[in-house]
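In order of appearance the chains are A, B, C, D, E and F, and numbering begins at 1 in each one.
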């Protein structure tokens, strides 16, 4: 990716999987930290320490929301330190990966 | 991310994209390997060696399922070696990335 | 992952989040570049430089599509250089990550 | 009662759904379709009930409310004792399961209504209030039983008070209950000509829509049957015996205490015999996360619901008829 | 007019929806259900209108078309002037909000139809053409106002022509408008026996389906109420005053210029007083991306719609009745 | 037959859907809505057919079953020969396409029923059995043809037997077929009063719901038209000629061998002329993955379906009428 060094900037990609019912709380926290962009995928299913979550189960619909967030390292640290103690309450997990952001006309990280 | 070394643990992030009809089989395999957490996104579309899959096509609904799985390297190796020969049957692909798991109260990896 | 060196090949994972209305245009561009595989998740929500997009808002339904694409570095460069100037028009973002592709019977990268 | 009374279309569609599941058909109704029909059916039953109640006696309505509370409180306790004493089920699972049996299943109630309509039997307006009320008290008793179980187990005591408040609020703001109460209130206040305007939608096509609902429920029940093994023989038996115990309570109260007609007694019996799968499962998941959902869901949807639909309703009706002809009410 | 005329089931269900939202109930209708009912209602209203129009006078229909265009052009300009001059709202938000008030709400129209049906009042066939036509012109005026605002602000001038063409095409290919026009055309051409075959679906059960639609709209409106604070007192007031201004235009045109019956005047008034939430919001999001959607959505769905449903319709009807009895039309 | 017989609402709604697609309208029905209406229509047609069959002659029903099998076997072979001999289509695509033409389209059948109802023509109960049966045999023949093609091509021979068994099971557990057979059985066994209770839902509003279904199908067909170019002129022509060949078989069998009335002959002709888009496409995707789905889908949904709806049905009816008046059945 040598050729692309001008187009790509190093960033962190944070991926939350939380109980969909806690989504509003997570978003509020993120917005308060001046996060400028995120993507939400709802109605995800899964399995974890609290058992299975099936968004299509007839009598016990349980949904996860996947939130993807690309941001600079400094903001990423802030985000992780803030959300980390809340993870249990949100019923979920959080992964962090290195990534490159493709520079575009709009800055939303 | 120096500051966060206590909060983040190195792990592998495995991402499967398979035919939704094979999802039960994949999950069964994962559960048998004592995987303790995964996330499922259904009704994905895509394109690959077997052509297009469109979950909204009226007469030929074909759906992919995306399964995301974070686990320790040792388990990741086991998972990949087990699933690898089955990929054709599942009609899909499997990507592996390095990632950091944010330590929380519950361990589901 | 030493053991797996024969099963895993280094690749790039490109992740687009764009306005769902621009999805056809993006796909056409990708197909023209001989991309041989991608995965699409529709009806995603999000927040960015153009404000909030909520796929479930009653009067103002705005949807994102997430497109995931694994390919070799050379193709990845081509893809990024081609899409990069179009990102504003597509109303979205593009992340690039290193990943490993699990070798399977079918090659779709 | 002849065999043809079993050939109520709604019940046949239930059987069709179970059959589809049995032969592993790819038949699948969109999940939203199910939600939509449930919304429609609840409003329909509420409106109809409300209109009838407008012409009814308040004192009698109050008796029905009392009876609903009594069922919601007594039945879970009976269930808990059986599960603990005979089945040796662990306390928290016992608490979660019990709560379901103090509550009701609107689907069973509507099937019973279709059954009575099919054989031309009339019924009182009060049972619909009981239907609306009974979902909630059992949830509270479930929480109380779980709290008691936790103390017995000596584990960390949860914030029982906070949870109780939370569940109480949930129970009163629960969508299904609100829809039922709300449309009951609307059916109550609107004038006859107003009702006539919406009657074709909410009454005329009701029985047909119920068929589609029950076909879907049949598939749902069919799916759960495969989990019988993991649930064990005791619990499966319990899922058939407990509705019979509930029915015994119900028929007694319906005939001797409330003094209803055969149709009314049947509905009260069905309410007491049925077991929730709408409001109680999510409440128990929240209040008793230690309990295994596949236990209470399999029992409720896979055992008790089909038992009541296929065997229970005609049986309760026959019993009600016998009782009505043989004994006088207590007053 | 007695209080009981307010007890139209459709309006009560709207209130139930708002109540559910107020008490934070988890009641939620599947989003697709809403879309389906809207499709159904639009086709129903179109078919019915088309059938009536087949028997109507073309000259009179043309007058209705003129009136629709006049509303679509004049009302947004009035709204813009008020928002700018009195409210000091920034030009682009003012333009986006204005466009909504030149357009119409099919939901409000249908509730008015239910209201008139509830009290047994007949009405002309022409207002339904106005309903189909009015959505579009206001969008264009909105764009013109936005272009004007941008020039005033001295900002980069957007490709106004291209956008105009784009929006014109969008307006004519808009799904809801197409459905309305299309089913109007179908209702027009089909024979009476053909119509009879589909009447049970599109007319008989219409009023009941409308109840479910309005219950959902009530929840939607209720959600928006929580955003009143962020919208500010001026705009909330505007959301109540502007429909009254529109209504004044509407009632004048309906009585004095179109010479309709009380029912017809009421419908014209409702059209002028109502405010779009179907075709205009996405058009304004595209054409005036600088404007804040939460302003126009809150006004349209959270203020004007509920105001019209609960207070407006009966008031407009009373006014129409008074006017009709007191003054002659101009010709 | 006058032009007005073409103005069947259902067909006009189909045209409206195609028009919406043509002008690139953003009109879109929720995918689940389509599934729900299909479920509803299949049950409705099944119940109605079952009730009629209860009063029918078993010998005649058996003849219909034989005819259905004959169509399902002969028509795909004819189609395959034409595609291979005249069109030089590669063997595997030819096999996959052929299978579709041996099967049926429930949507076309229901439109024909609406057409006959619109002009007041009665018909026999047997064609509905043929509808339920014909989906399956063609799938098997498709597989046999594909196996034959593969041997001709000398490629790796697939597990033909395993696939055959798999497809057979799929064909019998296919949701749509099960729903049709199941509701036919239910319509058969239930009593007249029971049927009356669900009739308003399944019959009274059937024709209106069919309109919405066909509007959606019109959009679906319109979408496929853009793919005509990639399919080529030969295949598009085939998509019009093949239903005519099927129709010739159908009308012959319907009149001379089954001896039905004009209405019955029309329905049998429609069955033979129509082409599956429900059970066959997924089966062929599985059994003949080498074939290009856009070929068979475009032909089925983009060419043959609209041809049958707009031109075919009235034509087949006219032909049936002519034949019925001119010749006697063979016996």
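Keep this in mind: contacts are C-beta pairs under 8 Å (C-beta built on N, C-alpha and C of every residue); 3 or more make two chains touch, one makes a residue touch a chain.
For clarity, every value in this text was computed on a predicted model and none was experimentally measured.
Trainee: Using the contact definition given at the top, which chains are in touch with both subunit A and subunit E?
Mentor: C, D
Trainee: Can you check whether subunit D and subunit E touch via the same residue numbers (shared by over half) or via different ones?
Mentor: Comparing the two copies, subunit D and subunit E contact each other through largely different residue numbers, since under half are shared.
Trainee: What is the distance, in whole Å, between the centres of subunit A and subunit D, each centre taken as the mean of its C-alpha atoms?
Mentor: Once rounded, the distance between the two centres reads 40 Å.
Trainee: From the mean C-alpha coordinate of subunit B to that of subunit E, what's the distance rounded to whole Å?
Mentor: Distance between chain centres: 48 Å.
Trainee: What are the residue numbers in subunit C that touch two or more other chains?
Mentor: Those would be 41, 50, 97-98.
Trainee: Hey, what residues on subunit E touch two or more of the other chains?
Mentor: Subunit E, residues with two or more chain partners: 32, 36, 200, 204-205.
Trainee: Specify the contact topology among the chains shown, as one of line, ring, star, complete or other.
Mentor: Contact map by chain: other.
Trainee: Between which chains is there touch?
Mentor: Listed by label, chains in contact pair as A-B, A-C, A-D, B-C, B-F, C-E, D-E, D-F, E-F.
Trainee: Quick one: in the complex, what on subunit F touches subunit B?
Mentor: Its residues touching subunit B are 31, 34, 220, 277-278, 281-282, 285, 289, 293, 297, 300-301.
Trainee: Going by the contact rule set out above, which residues of subunit F touch subunit D in the complex?
Mentor: 32, 35-36, 39-40, 43, 170, 172-176, 178-179, 182-183, 185-186, 189-191, 193-195, 197-202, 204-205
Trainee: Within the complex, which stretch of subunit D touches subunit F?
Mentor: Contacts found on subunit D: 4, 7-9, 12-13, 16, 19-20, 23-30, 32-33, 36, 114, 117-118, 200, 204-209, 211-212, 215.
Trainee: Per the contact definition, I'd like the list of subunit A residues that touch subunit C in the complex.
Mentor: 1, 3-4, 7-8, 11, 13, 27, 31, 35-42, 68, 70, 97-109
Trainee: Report the residues of subunit B in contact with subunit F in the complex, numbered from low to high.
Mentor: 50-51, 56-62
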